Amino acid sequence: MAAPVTLTMKDLQSPVEPTWCPGCGDFGILNAVKRAMIQLKLPPHQVIYFSGIGCGSKLPDYVRANGFNSLHGRPVPLAQGFRLAHHDMKVVVVDGDGDSYGIGGNHWLHIMRRNPDITHIVQDNMVYGLTKGQYAPTSMKGYVSTTSPEGTIEYPVNPIAIALAAGATFVARGFSGDPKHLADLIAKGMEHKGYALIDVFQPCVIFNRVNTYDWFRERVYKLEDEPGYDPHDLNKAWEKAHEWGERIPIGLFYVNEETPTLEEQIPALAQKPLYQQDIPPPVEMLEGLKEIFV
Amino acid sequence: MAAPVTLTMKDLQSPVEPTWCPGCGDFGILNAVKRAMIQLKLPPHQVIYFSGIGCGSKLPDYVRANGFNSLHGRPVPLAQGFRLAHHDMKVVVVDGDGDSYGIGGNHWLHIMRRNPDITHIVQDNMVYGLTKGQYAPTSMKGYVSTTSPEGTIEYPVNPIAIALAAGATFVARGFSGDPKHLADLIAKGMEHKGYALIDVFQPCVIFNRVNTYDWFRERVYKLEDEPGYDPHDLNKAWEKAHEWGERIPIGLFYVNEETPTLEEQIPALAQKPLYQQDIPPPVEMLEGLKEIFV
Amino acid sequence: MVKNNCTIKLGGEAGQGVESSGMGFAKAIARAGLYIFGVQDYMSRIRGGHNWYQIRVHTRPLYAHETSVHLLLAFDERTVHDHSAELVKGGGVLYDDGLKVDQSSLSAMDLIPMPMPLLKIAEEVGGNKLMMNTAAVAAAAGICEFDLSYVEQVIRDNFGRRKGSEIADRNIRVANHAYEEARKRYAHLFEWKLEPIPGAPRRMVINGNQALGLGTLAAGCKMVSGYPMTPASTLLEFLAGQARKFGLVVRQTEDEISGILHCIGAAHAGVRAMSCTSGGGFSLMVESLSLAGSTETPVVIVLAQRPGPATGLPTRTGQEDLLFALHAGHGEFPRAVLAPGTIEQCFYHMARAFNIAEKYQMPVIVMTDNFLANSIRSVEKEAFDFAAIARSIDRGALILPHEEDKVTQATAEGYRRYELTENGISLRIPPGHPNAVYSVAGEEHTPEGFIDWEETAHNRNLMMNKRMKKLTLCAEEDMGVYEFYGPEDAETTLLCWGSSYGPVREAVDVLNSNGMRVNMLHFVDIHPLHWDAVGEVLDRCHTVVAVEGNFSAQFSRWLTMNTGRRPDAKITRFDGRPLNPDFIAAELHKALIRV
Amino acid sequence: MVKNNCTIKLGGEAGQGVESSGMGFAKAIARAGLYIFGVQDYMSRIRGGHNWYQIRVHTRPLYAHETSVHLLLAFDERTVHDHSAELVKGGGVLYDDGLKVDQSSLSAMDLIPMPMPLLKIAEEVGGNKLMMNTAAVAAAAGICEFDLSYVEQVIRDNFGRRKGSEIADRNIRVANHAYEEARKRYAHLFEWKLEPIPGAPRRMVINGNQALGLGTLAAGCKMVSGYPMTPASTLLEFLAGQARKFGLVVRQTEDEISGILHCIGAAHAGVRAMSCTSGGGFSLMVESLSLAGSTETPVVIVLAQRPGPATGLPTRTGQEDLLFALHAGHGEFPRAVLAPGTIEQCFYHMARAFNIAEKYQMPVIVMTDNFLANSIRSVEKEAFDFAAIARSIDRGALILPHEEDKVTQATAEGYRRYELTENGISLRIPPGHPNAVYSVAGEEHTPEGFIDWEETAHNRNLMMNKRMKKLTLCAEEDMGVYEFYGPEDAETTLLCWGSSYGPVREAVDVLNSNGMRVNMLHFVDIHPLHWDAVGEVLDRCHTVVAVEGNFSAQFSRWLTMNTGRRPDAKITRFDGRPLNPDFIAAELHKALIRV
């Protein structure tokens, strides 16, 4: 099952039409994801997308590849189970800020310290899109929504800072208004051996009237354009993670290539993927177990 | 219901005998908690302890005060609900590393950005005590236990770093082998207006044969003894949060007195505690609602 | 000519304003003194796709929608395509003349194509193509020869205040223009008319979630916490909007686990608390439900159902979670389950849920579904009696810590949170008073509330019996709300629960008018019940047919479990669509053949 | 003299080695060719409190414990105090002579006080007071005149390998000393003796969790993930210990939600996967259970029950989660529920669960409880037939992506994950092959697996029927395991399920030997069942008495729900203690009076 020599956008075309609103930032992410697959010559059958529930989480249906649209907030543990069972597949989680920073926050906290080779794209529109506009964990303080008619009183989650604190080995932020740059980040994340977070600024043109394309465009700048910025320096990354206001960095905040992946440390996976292993184990081996009990 | 002029250890004596193993670090925490109440002149009826499930979570039964022994990992949201309903009570969460860094991690992540005036003491013995010795989220890499017979392959949670990243306004670490110092930290945390985390090194003398009293004693030093250390500097706190090995800091890593509490921002709580408010609302006011619909 | 008895349907893409237009039109009609019933259908997407809104009008109170439509207001071509077949002969199809619609095929179906220059009017008269919706609704009014002033009122309400009256004025001009044009062109061809009832009282146009919201406020609930989930979100949102005014704390939590635990925490402090969710969120709450059962904490949960499993049909309706709600949570503990059937019942039983919760110190689950939550009806203002609810408030054996004298008196001989009593109910004094300092535990506990760390059999038996016997008392004193509708001597009884009330009730009318003898037996109260009494009620029925919005006829299974009695036949619907009278009538004929 | 028919009980504080001593003694007795049944009781604390371990011995296979004890081995004073009343006349109480025990009151009860210098022997002969346990067990052997070499073997197994034989040698010296001393002092006073059966085969001494572990391995499960929870933890731990050898992935996850989702993920990749938990953890899994139902993913969940609600009695036993397990999860979806009753059944039905899960592509719940999980029995080695399990492996309509030829052939005309078929079962090709690239969804989906974003009624009906009809086939082809034990023409049938097997079976023997005519009807298979067939089985019974370890007789309620038939009486126990033959016999007399 070798990768075809060339892969085109057409090869990645799904029969299903996106249901997203015209202009939705999720289109940029879809585009970037496909570009990344092409860049890495990853054919559809060698990739699987796990998503949660939300507008953006419908993405798996819109790219020709394997997909699993799961439960709100739950793609992260699902993907880990899959990855451990089939570790020669490229496993990508793509879900909303409500999924992984909201209801599924605990799974997110714990995948980061395990470092499985999973790429995690979070569609961070700072709002709950599919449920019609309630505030999200990343909504800016004071954000007005149906459930916060007088503005939120909670401080937003800072995904970059938390990822750094939780031990993520690849921490990046993209902007769906720049799908080329985003594609590059996603490709890098997919190539990274270990867990890669790509938080994506994704304008929701319907519900989030604060953090619009223009709002982002006026603010974002690329870390790679920052002279001397070295993504191997955890403390520098920490400082950049707190930059928010006039200037907001996108790009690769931090990477650490030294940490072993979860999969590498599991003896059962040394030979071949779990799903390829014969079952049941040899009867003689099993019979041997009885000796524990006699 | 004014506080009595003096409060003694005897006033805080519960009729229930602790079921902890002799030498358990939880005794030190119990002692510190009582000392803190005495220090702050907090009578039993003005304090409530919410706990999870685990060895340490039995603490509420062992101090004369109000208590709620809840579910594994769930005291944090329970305490928030209580606090919002009764915000003139001192609300303390006391739970295990399994509770708040393990199964309940998401509640922990989100309480920190809300900043309710709740003191959170985590009994960090780096092991699951009550369920007989499985590894915990804070177990050091390679820790051998019944569920990690060849040593854990996950990196431990760094509670201090995560708390800093998640916006906690008071971040401290104590050692149950030094209950006086710990009492002082707890008292400070209780006085702090907002969420206060006190991660406590708590030796489990039965199951954790690595992180023993001696192990901690050889390593811990107090941040307040560190010349020039200012707990108002987030970046310095971040660096200290990563100090682990020969020297491990305890004390107050970070404090921020500027952030408003959750309670302060809720109009309904401006006059008096929710539980004291008359119900139902005046019938005329309710009748007025019908106009929305006609 | 048929006066004041028709159904108008609006259809279009999400984002085209189908719901707001339909809602506005419904309100205008209701203001004219007519009774309406409105039901909607939408998809799990924010733009595009296909949504519709259907308004049934009559001079008598309505409880359900019908399948036949008289006037179709099509905002896009797909609406014409998808819904023409629902129109009765002589029905009209109103659409912008820019849409490609095959008029001849409509005519061939005996329908009246009614193209109108809606966009043109909006742009030319109003100066804004967004006013097309106004034009459409006004045109519909014109076709029905409905007094436009009611539509104008609604326009004023919607636009008058918000952005200055200029927009309102322009909309009204658009409305007048479209109204006249449509009347001129089509009114004479169209048989169904809407005529105001002079002197009729102003009625509320309200849906199930709003009624639950009013019930929640009326009951003095002060803590509402939850996580958004269709179809429960609008209840959370409604209450968020009232928070400042009514001094509520409304919290959107990080997940449903936290949502219910915020409530348990607040209830422990002595505050009435409610969380609302749908099946998926309820699944996450069940561990905490068990905690509420164990610690005897009164909380109310609204479970607004939608079809599963998993994410299922997120914007449709179903009654699939009954047996789950009845048995959810590990271990055995008391709970009550109520399932209001109408909008009025939503109001009253919501408020009642808080009384039951506090009286028996246990969780109460109020079950609705997408259909009941979102369908609107015109209801008399008097039907919502806030004063009666205020009078009925019963907090049970509760003394609040700041009621100092009462506490002092009650605790003269000490205080034990889980004191063993005759009926299982113990005095509840929330923490805060020096005479009632105590600890509670989800682990099996002593009467004092301490963990019974020896886990003795003796204490366990006492505590289990204490908790469970509250159900006996509750069944006797507070439960048993059911209703018969239709002839007493019916040959067939349609057995139903919750939101099926309306469709079944209307089906009973239809069937009896067709010469059958059918009645309805509807249950609001599901658990606990005095089952011998229910058995007697069932004994009065002849052929019993269960009618439910799920696959396995869950309520009838519950009934069998408790009485041994099995229904003679079942009518079930699980395609995500609400039951309706036509469906029930048609299925009943098939079902009776099988009996 | 009574030979080979007695019960020995050990008691002391947590941390004193009650369990390990009891387990060691039980193993020694089993090695002598005798049958044992061991049951334990411990508290939710790590040191202190009171634990006990009880070993019943016989020459025939045993299925349950008895309440009467013949020899009590007391590691502390409390043991004497708490358990003397359980001793039969002439029974012995063995304890270190340093303990304060009132000998005269024991004598007054016709019991034999047997103080022994256990500590002294341990210190003087072994040089280590920790060897007191060895001394105690050896002394008990001496009193029963049991051949010490069996105890020595166990000592060698435990100490010989680990720390060099020196410790073993010293323990053996201690054992010999204590044995001789005790025999000399007390053997002539004590009536009950243990005598090896020459030539008896070596049997396994094994508990329910271990049997489940063997079944899991035998079935080829390769992914085990979960979060520790009593009484399921030891199953997770057993498998963690076998992971390297058997090439398993065993994960301790951050919570139970993640535990079950790891399994669903792995199963989606084509790997057999299992998660184990108790009620509280299962509560957290139910949303994902619904996802497994919707996506038709085969996973196996072991639900090891303990009493609730909430944290309940964490170290005790109960059967309280049956109705919850049967209805857990929002929406309606197929699942199977199995409840093995014996250790052998744990082994076989655990393996069978994986076959059912894969054949019907649905979740399967295997229910046990603390009693079954932790009680030990001696079982013939042949009773665990690994070869038979290997032969029986049935992965259903599964082709793995690396089976390239098979995939190519099967997908010649395309591939649709949820193809509509006669029996509802679709071909399952896990992702990985270019011919079977697809997406699945927990939302209602098309046969291709895409979200049916229009949420059409048509597709919904097809998919609901497809999924639910798998249950019909499953009930017919694979379910229906029940067992009668006792006389066919019994007047009374004890109806039970799961772990009650042993106690009820032994109760049947007791009751029939007392002149009654009683049999047992035990169900392993709970759902789905062919209920007409079950009804016929029940029709063969006269008076039916449900015997269950819960408050509301849940299985009998399930049966009523499905057949309309109600048991004539119920015997329930919900104090956290296992059912036992004496309890059942006593309760039956009361129950029959009420009938």
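Labels A, B, C and D are assigned to the chains in the order they are written; within every chain, residues are numbered from 1.
The criterion applied here is as follows: contacts are C-beta pairs under 8 Å (C-beta built on N, C-alpha and C of every residue); 3 or more make two chains touch, one makes a residue touch a chain.
Predicted, not measured: the structure shown is a model, and the values here were computed from it.
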| item | value |
| --- | --- |
| Chain whose average C-alpha position is farthest from chain B's own | C |
| Chain pair with the higher count of C-beta pairs in contact (B-C, A-C) | B-C |
| Where chain C and chain D are represented by their mean Cα positions, the distance between them in whole Å | 45 |
| Between chain A and chain C, centroid-to-centroid distance (C-alpha), Å | 37 |
| Cα-centroid distance, chain A relative to chain B, in whole angstrom | 31 |
| Chain centre separation in whole Å, for chain C relative to chain B (CA means) | 41 |
| In chain C, residues with contacts to at least two other chains | 43-45, 49, 243-244, 254-255, 280, 287, 291, 295, 310-311, 441-443, 453 |
| Set of chain A residues in contact with two or more other chains | 19, 53, 69, 71, 103, 105-106, 109-110, 137, 150, 266-267 |
| Chain D residues touching chain A - in the complex, by the definition given at the top | 31, 202-206, 210, 214, 217-220, 222-223, 225, 242-249, 251, 253-255, 257-259, 261-273, 287-288, 291, 295, 381, 384, 386-387, 389-390, 393, 400-402, 430-434, 436-443, 450-451, 453 |
| Chain B partner contacts - residues on chain A that touch it in the complex | 103-106, 109-110, 113-115, 137, 150, 153-158, 161-162, 164-167, 234-235, 238-239, 241-242, 259, 262, 265-267 |
| Of all residues in chain B, those that touch chain D in their complex | 19-22, 53, 55, 69, 71-73, 102-103, 105, 128-132, 134-135, 137, 146-150, 206-207 |
| Chain D residues touching chain C - in the complex, by the definition given at the top | 43-45, 49-50, 278-280, 282-284, 286-287, 290-291, 293-295, 305, 307-316, 318, 320-321, 323-324, 326-333, 441-444, 453-455, 457-458, 460-461, 464, 468, 550-552, 557-558, 560-562, 564-566, 574-577 |
| Residue numbers on chain A that touch chain D, as the complex places them | 1, 15-16, 19, 43-46, 48-50, 53, 58, 60-61, 64-71, 74, 77-86, 89, 106-107, 109-110, 266-269, 274-277, 279-281, 283, 285-287, 289-290, 293-294 |
